[in-house]
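Below is a structure I'd like to ask you about.
For clarity, chains are labelled A, B, C, D and E in written order, and residue numbers in each chain start from 1.
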Amino acid sequence: MLRNFMKRPEAGAFAAFVITYLFFALATPGTGFVSVNGTAGWLNLAAELGIVAIPVGLLMISGEFDLSIGSTVGASSMILALGTNQYGLPVWPMVFLALAAGAAIGLANGLAVVKTKLPSFIVTLATNFIVIGATMGISRLIANVTSSSIVASDSAKFVFAARWGQANISILWWLLVAFIGYRILSRSIFGNWIYATGGNLDAARGAGVPVQRVKISLFIATGLAAALVGILQGVQWNSGNATYGMGFVFQAPIVVVIGGVLLTGGYGSVTGIVLGTALFGVISSGIFYTGWNTDWIQLFLGLLLAAAVLANNYVRRLALSSK
Amino acid sequence: MSQPLMELRDVDKFFGSTKALKHVSMQVEPGKILCLLGDNGAGKSTLIKVLSGYHQPTSGTLMFEGRPTKFASPREARQRGIATVHQDVGSIPLMSVGRNFFLGAEPATGRWPFKSIDTRLANEVAVEQMQKFGLTRVTSGDQLVGTMSGGERQVLAIGRAMYFGAKMLILDEPTSALGVKEAAMVLKMMRIARQNGAGIVFITHNARHAMSVGDTFVVLIQGEVAASFKRGEKSREEVLNLMAGGEDMSELEDDLEQID
Amino acid sequence: NEEGPILVVSGPLSWPFFAAVKKGFDDAAEIFEVDYQYIAVTDTSNMTSDYPRLLQQAISREPRMLLVGEFFPDGMDPLIKEATAAGIPVLIHNSGQTLWEGNGSIGFVGEDPYQMGYKAGQIQAEAGVTTGLCFNQVPGNPTVEERCNGYVAAMKEAGKETVYQTIGTGDATNPQAMTQAIKGSLQANPQIDGIYTLNAVPAMSALRAVDEVGRKGEIMVGTADLSNEALLAIKNGDLAFAMDQQPYLQGFMSIQIAHQYLNYGLHPIGHVKTGPLVIDSSNVEETLKVNKEHAGVRGAS
Amino acid sequence: MLRNFMKRPEAGAFAAFVITYLFFALATPGTGFVSVNGTAGWLNLAAELGIVAIPVGLLMISGEFDLSIGSTVGASSMILALGTNQYGLPVWPMVFLALAAGAAIGLANGLAVVKTKLPSFIVTLATNFIVIGATMGISRLIANVTSSSIVASDSAKFVFAARWGQANISILWWLLVAFIGYRILSRSIFGNWIYATGGNLDAARGAGVPVQRVKISLFIATGLAAALVGILQGVQWNSGNATYGMGFVFQAPIVVVIGGVLLTGGYGSVTGIVLGTALFGVISSGIFYTGWNTDWIQLFLGLLLAAAVLANNYVRRLALSSK
Amino acid sequence: MSQPLMELRDVDKFFGSTKALKHVSMQVEPGKILCLLGDNGAGKSTLIKVLSGYHQPTSGTLMFEGRPTKFASPREARQRGIATVHQDVGSIPLMSVGRNFFLGAEPATGRWPFKSIDTRLANEVAVEQMQKFGLTRVTSGDQLVGTMSGGERQVLAIGRAMYFGAKMLILDEPTSALGVKEAAMVLKMMRIARQNGAGIVFITHNARHAMSVGDTFVVLIQGEVAASFKRGEKSREEVLNLMAGGEDMSELEDDLEQID
C-alpha cells in the first residue's frame, strides 16, 4: 500500500504539503492559521487557482501550455460586468455567454496549435494579448472603463459566491473540477490518450489516438475553467476587471509542476496538482500569519518553494529507489 | 486469386526532394505473408507508413478491400482492422504495460458517467499476450514501459499488433531486437495469424526468417519495386543479392564463411 | 497639427485609474478639437525602464507638445530636461509635483502621492487609529510606494505605530490573494486598527479580511482611488474614506492647458492640484450618482 | 545559397522580420519610424532584451529555462545604486560586484538544476523569488526604498550609457554578445555540446559530452548577461530598481522561440534569436508610430505577433518541402 | 594469456528492487571479440552500460588495464579509448551527420579566440566512414540524422565507435537494424579492429553472427553469468539453447524447419 503510494507522481507533493503545513502550524501559534477560519482562508485562495490549474495540468501532461488563461479570466468577468451593469441584462445568460467565450478562446487556441503546429507557448501568448486587448478595447468603447460592477441575481450569488462561515463555494467548485479531472485522467479512456499524447506524440498517433482531438478538447476545458474562475471572482467581488487572473498565467504552471507533472508532458496526476495548489495556498496565505517583515516576503516565498520542491524530490527518489 | 486485401497502385512518397517511394505497386492478400525486403534506406518503413495511414501518399491510389481509400489518420486504419508495429515509432515510456498495450482501443467497464478504462483487464491481457512469446520477467501490467529492455518493448508492440490485427498485420523488423526464442515465437504467431485469414506484411533483414514464413516477396531498391516473386521462385542466393540492393553478396558471404 | 502631433506618455490602460485619465484626454481633445496620441506600456512588468524609453522615443518624434506623467523621475527627469532644452513644450500630469519647475516644464496637473498618503495618515490618526497597516500590492513601484511613505510619516508624527505590508508580485490583481494576505497580517498583529490600501481593489479585499477576522467596525479602512464598489462600501459605512485624485481632471485639464498654451501662450502659474479629494459618507451619494450617469468619469464604475 | 539559407532555423524569423518591418514602414508614413532616430528607437529597445535573450536562447537549446533573469537585472541595478548612492562608493568596483553577483546567481541555478535534477523552470523560479525578495528586503533595510539613484563616473557613463544621436551604446553591447554567442554556438566545440545536450541528453552523455558542465556554464552566462543589462539600465536611467527586468522573464523566451529555437531544446541559432528580438523591438516600438487607438494596442500587438509567427512558420515549411 | 583489457569482479547492478546484474565476473582481452549472449531482459545492455561508464555498478570492482577504475562518466571512459554503440541511447536527431559523428571528440581548426569546430573535416570523415559500410544514400555530412532510416542511423553509430574505439569497442546489437550487406560489412570491420588489437564486446541475438566472429562467449541468464566458453567449445545447438535463456530450442527450431 504505502510502497505503491510512494511511487505515485503525487507522493512528493504530498510529503511537501504535510511538511509545509506543519511548519506553518508550528510557526504561527495562536494566530488561528490552523483554525477553521484560517483553513477556509487558504482553501479559498487555493480554490480559484486550483480550478484553472487542473485543466492546465492536463494540458501540460498532453504536452502543451496555455498562457491565455489570465486574459480569459479577465474577459469573462468583464462580460458579466458589461452585460449586467451597462446593458442591464439578467446575469444567467451572461454567465453562459462568458463560459461560451472561454470555450471559444480555448477552441481557437487548440485549432491554432494543432493546425499550424506552432508551439503553444507562442500561440497562446498571442491569444493572451489579443483577448486582453479586445477586452480592454471593447470595455472602453462600451463603458469607458476597464473595470465595472456586476449585478448578480440571488441564485447566481448563491452558486458562485455562497459562503459558509468563511469558506467560499469556490472550494466546492474546485473539488468538483478535481473530481472530474481525476475521473478523466486516471479512469477514463480519454485520460489514457492524454498521457499518450504527451508521452510520445508520434507513437500515440501511430497507435490510433486522435491526438488533435485530445489537444483541442483540453484547450477548450482550460478556457472553460478560466471563464468559470472569472465568473467566480466577478460575482464574489461584485466587479469585473480586465486584469483579474493575470497572476494565474504563471502560478498555474508552477503549482502543476510542484504537483509532480512533468513540464515536458506525459506524466502527472490530478491528486498531485491539487496538492501542489494546496501547498501554494498554504505558503502564500500562511506566510502572513507569521508576522514576518513583508519586505522579505518574496525571499521567504522562494525559500519555502525551494524547500517544498526539494522535499518533493527527495521523497520521490526515496520511493523510486526502494520500490 | 482472391481479391487482394490491400493494393497500392503507382504510389509515390516524397519528403521535400527526397524520393522515398517511386511508382510502387503491390498487393497484400488475405491469409498470406508478404515479405518486404530491401537494403537500408530502400523505403520499406516509408511504404508501411503509407499502408497504415501514418503518411499520406504524394500520389497514387491505395485500395483497401477493393475500394480506393484514404486513411486520414492511423486511427482510421486501425479501426478498419489494420494493426502495425512501427520500426521507430515506439511505445510510451512513462505509461504502464497494460495502458500501452491497449492504447487507442481501451477496454471500458461501468456506465457513463462512471465508465472507466478497465485497467485490471488491460494489465492481465497485456501480460498474458507478452508471456505467450516466452518473456518471463514481465509479470506486472503496471510496470512502466520505460524500464523494460529493448526486446521486451518490441514484444509488447508485436503482441499488441497481433491481438488487434484482425484483417491486416504490418510488422516492420519485428524480430530485430529479439532473442532467438522470442523471434521463433513471433514467426510461429505470424503463421497462426495467417491461418486465421489475416494479410501480413513482414519486413526483415534476416533472410532465414523471410524464407521460412514468406509466401510472396517484394523487394525495394532505392524506393522502387525491383522484384516481386512467390515462395520458391528464387534461390537463397538470388534473394540475398536482392536484399543487398542488387549487389553481389557472394564475395562478402565467402568472407564470412571463411571463419565460420 | 502642422507641426506634428501632441504626444501623451501616460499610465497603463489596464489600470482603471488611467482609463479615467484617458477619458479626460479624449473628451477634452474632442471639445478643443486637438489631435493627440496616448502612449503607454502594454506590459506593466518592466515599467521602470519602459517609461523612460517610451518617453525617449516620443521626444525623438519631435512632437508639438509633450504631456507626460513623470512616474519614474530618475530616468525620466533628464529626458524631460532634454526635451524642454530642445524647445518642446512639456506639461507634466499625475506624478512629478516636486520636479516640474526644475525641468523646464510649463506646468503640472495632478497630485503628490506622498501628500495623498500623508493625508490618509492624518485622517486615521485623528480618528484614533493606534496601529495602521499600509498595504502595498505593487512593491517596487516608487510612485505607489510614496503613498505608503506619506502615510507612515503622518502616523509617526502623530505618535502612532505602522505596519508596512507587501505581497508577491504575482498577486497584484488577485483580490482573493490580497484578502488572505491582509487576513494573515491582522491575525499576526492583532493590535492593527487601521488599514490604508493604495487601490480600490485591495480596499475591497481589506474589508473582506476585516470581516473574516471578526473585527468589522473595529478597524478603520481607507483607500486611495475609488471604484463603484468602494463608493458603495463608503455608503454602507464599511469603508471610511476613499481618496480621489480625480484622474479625469488630470487628462482633461492637460489637454485644455496644452490647447491654450499652443494657441494663446496661456498657462497656469503654479501647479494644479487635482487631489486628494476625500470622499466619505458626507459626499459619497453625489459621487455615486455621477458615476452611474457618466461611466468612466469618476473612475471605475 | 538561397535554398541553404531557407533551411536554417532563422529563415522564418528573417522573413517575419522583413514583412513586419515593411508593414510598419508603409503604415507609418512621415512619422519617422524609418528615420535614423526611429531606427535607433527600436534598436535601443531590442538591445537590452537581446543581450539577455542570447544566453537564454543558448540555455533553451541545451534544454533548460531561466526565469531568474528578471530579479538578477533588478538586483544588479540595486547593487550599483546602494553602493554608489548610499555608501558613496566608486562605481567601477560596484559594476564588478554586480557582475559577480549575476555569475553567482547563475552558478547557484546551474548547480541546483544539475545536482537535484529538478526542472529548471521551478528551480529558477524559486531563485527569482529569492533574489527579488533579498533585493527588496536589503534595499529597504539599508535605504528604506526599493529604488534608488545611481551615481556613475563619466567613464562608466560612457561605457554603459553613451549615446550617439539617439542610439545607445547598448546596441554595441548587444552586437558583441550576439557575436560571442554566434561563435560559441555555431563555430565552437562547446556549441556542438550545447546542441547535443538539448537534443538528447542521454545520447550526449553517452557520447562523452560533459552535460553538467555545459548547463552550469550556460546558467552562469545567463546570470552575467542579466547583470550586464541591470548595469546598462541602471546607469542609463540613473536609478536602480528591484523590479527592473521583470518583463524580460517572459519576453526573453518569447523572442527566443520566435527566433526559431525549439522550446524543447536541441535546435536554434543565434541569428534567429537576434532577428526574433529585432522583430519584437519593431513591433513594440512601431505600434506607437501608427497612431492607432491605444485602447486596442494589445489586440494589435497580439495580432501582429500571431501574424509574424505564422509568416515565420510558413516560410519554414516552404523551405523544408522544397529542400 | 595476456593481461585482460577490462575485467569485472563480482559486479552487481540493481535498479530499485530490480536486480539487473548479479555477481557478474568477466574479462575482455585485447585483440579478441567477446560475444555477450542472452535472452531479452537478461541484462546485457545493463552490463555494457557499466563497462562504458554510463551506469555505476551497485557493488563489485571494475578493472581497466590492470587497475581498479571508476569511470565517473561516459566521457572519462571515452577519453581512455573505450567507444560504445548503445542499443537505446541513440543519436541526436536534430544534429547533422558530421556533428553527430564527432560528438564529444570534435576536430578543431584555427586558434583561440577563433578556434572553431572543423565541420568540413567532420562531414567528410563521417560520410566516408559510413560509406565504408556500403551505404550509398548518405552523401552529405550536413543531413540531419532525424531524416535518416533506422539502419542508416545504426551505421552512423557503429562507424563512429569503430573510428574512435582505439582500445576497446562495445557494440550492443549493432547489426539488428542492418541489411545483409551492411551487417556483413560490420562483421568485417570488427575483424579488422580485432587485428589492430582492440578488445571488442559484441552483443547479438543472431547466432550466425556470433559464431562467425566470436572468440569467447559469455552467456547471461537472468542477470547472472550462466556460461562462458571459447570458440569451438560448444555446438551450435548448445549455444542456441543458452541464448534462449537455457531453454530447449530444438522444438521451436523443428517448427521453423518444417516450412523452411
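Everything below uses one rule, namely that a residue touches a chain if its C-beta (ideal position, glycine included) is under 8 Å from a C-beta of that chain, and two chains touch if they have at least 3 such contacts.
Only a predicted model underlies this, so the values are computations on that prediction, with no experimental measurement involved.
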| item | value |
| --- | --- |
| Reference chain D; chain at largest CA-centroid distance | B |
| Centroid comparison with chain A (C-alpha atoms), farthest chain | E |
| Distance from the mean Cα position of chain E to that of chain C, given in whole angstrom | 71 |
| Centroid distance [mean C-alpha coordinates] between chain E and chain D, Å | 43 |
| Chain A-chain E separation of Cα centroids, rounded to whole Å | 48 |
| Averaged-CA centre spacing for the pair chain C and chain A, given as whole angstrom | 31 |
| For chain C, residues that touch 2 or more chains besides their own | 13, 22, 42, 166, 168-169 |
| Per-residue multi-chain contacts in chain A, two or more chains | 129, 132, 136, 140, 262, 295, 297-298, 301 |
| Numbers and ranges of chain E residues touching at least 2 other chains | 18 |
| Contact set on chain B toward chain E in their complex | 15, 18, 38-42, 45, 87-88, 134-138, 147-152, 154-155, 173, 176-185, 187-188, 191, 205-208, 211-213, 222, 240, 243-245, 247, 249, 252-253, 255-256, 259-260 |
| Residues on chain A engaged by chain D in the complex (per definition of touch) | 112, 116-119, 121-123, 125-134, 136-137, 140-141, 253-254, 257-258, 262-264, 293, 295-303, 305-306, 309-310, 313 |
| List of chain B residues in touch with chain A within their complex | 52, 54, 73-75, 77-79, 84, 86, 89-95, 99, 102-106, 108, 113-117 |
| Contact set on chain C toward chain D in their complex | 5, 13, 22, 37-40, 42-43, 45-50, 52-54, 56-58, 60-62, 72, 74-75, 78, 139-142, 145, 166, 168-169 |
| Complex contact set, residues of chain A against chain B | 183, 187-189, 191-193, 195-196, 199-200, 202-210, 262, 266-267 |
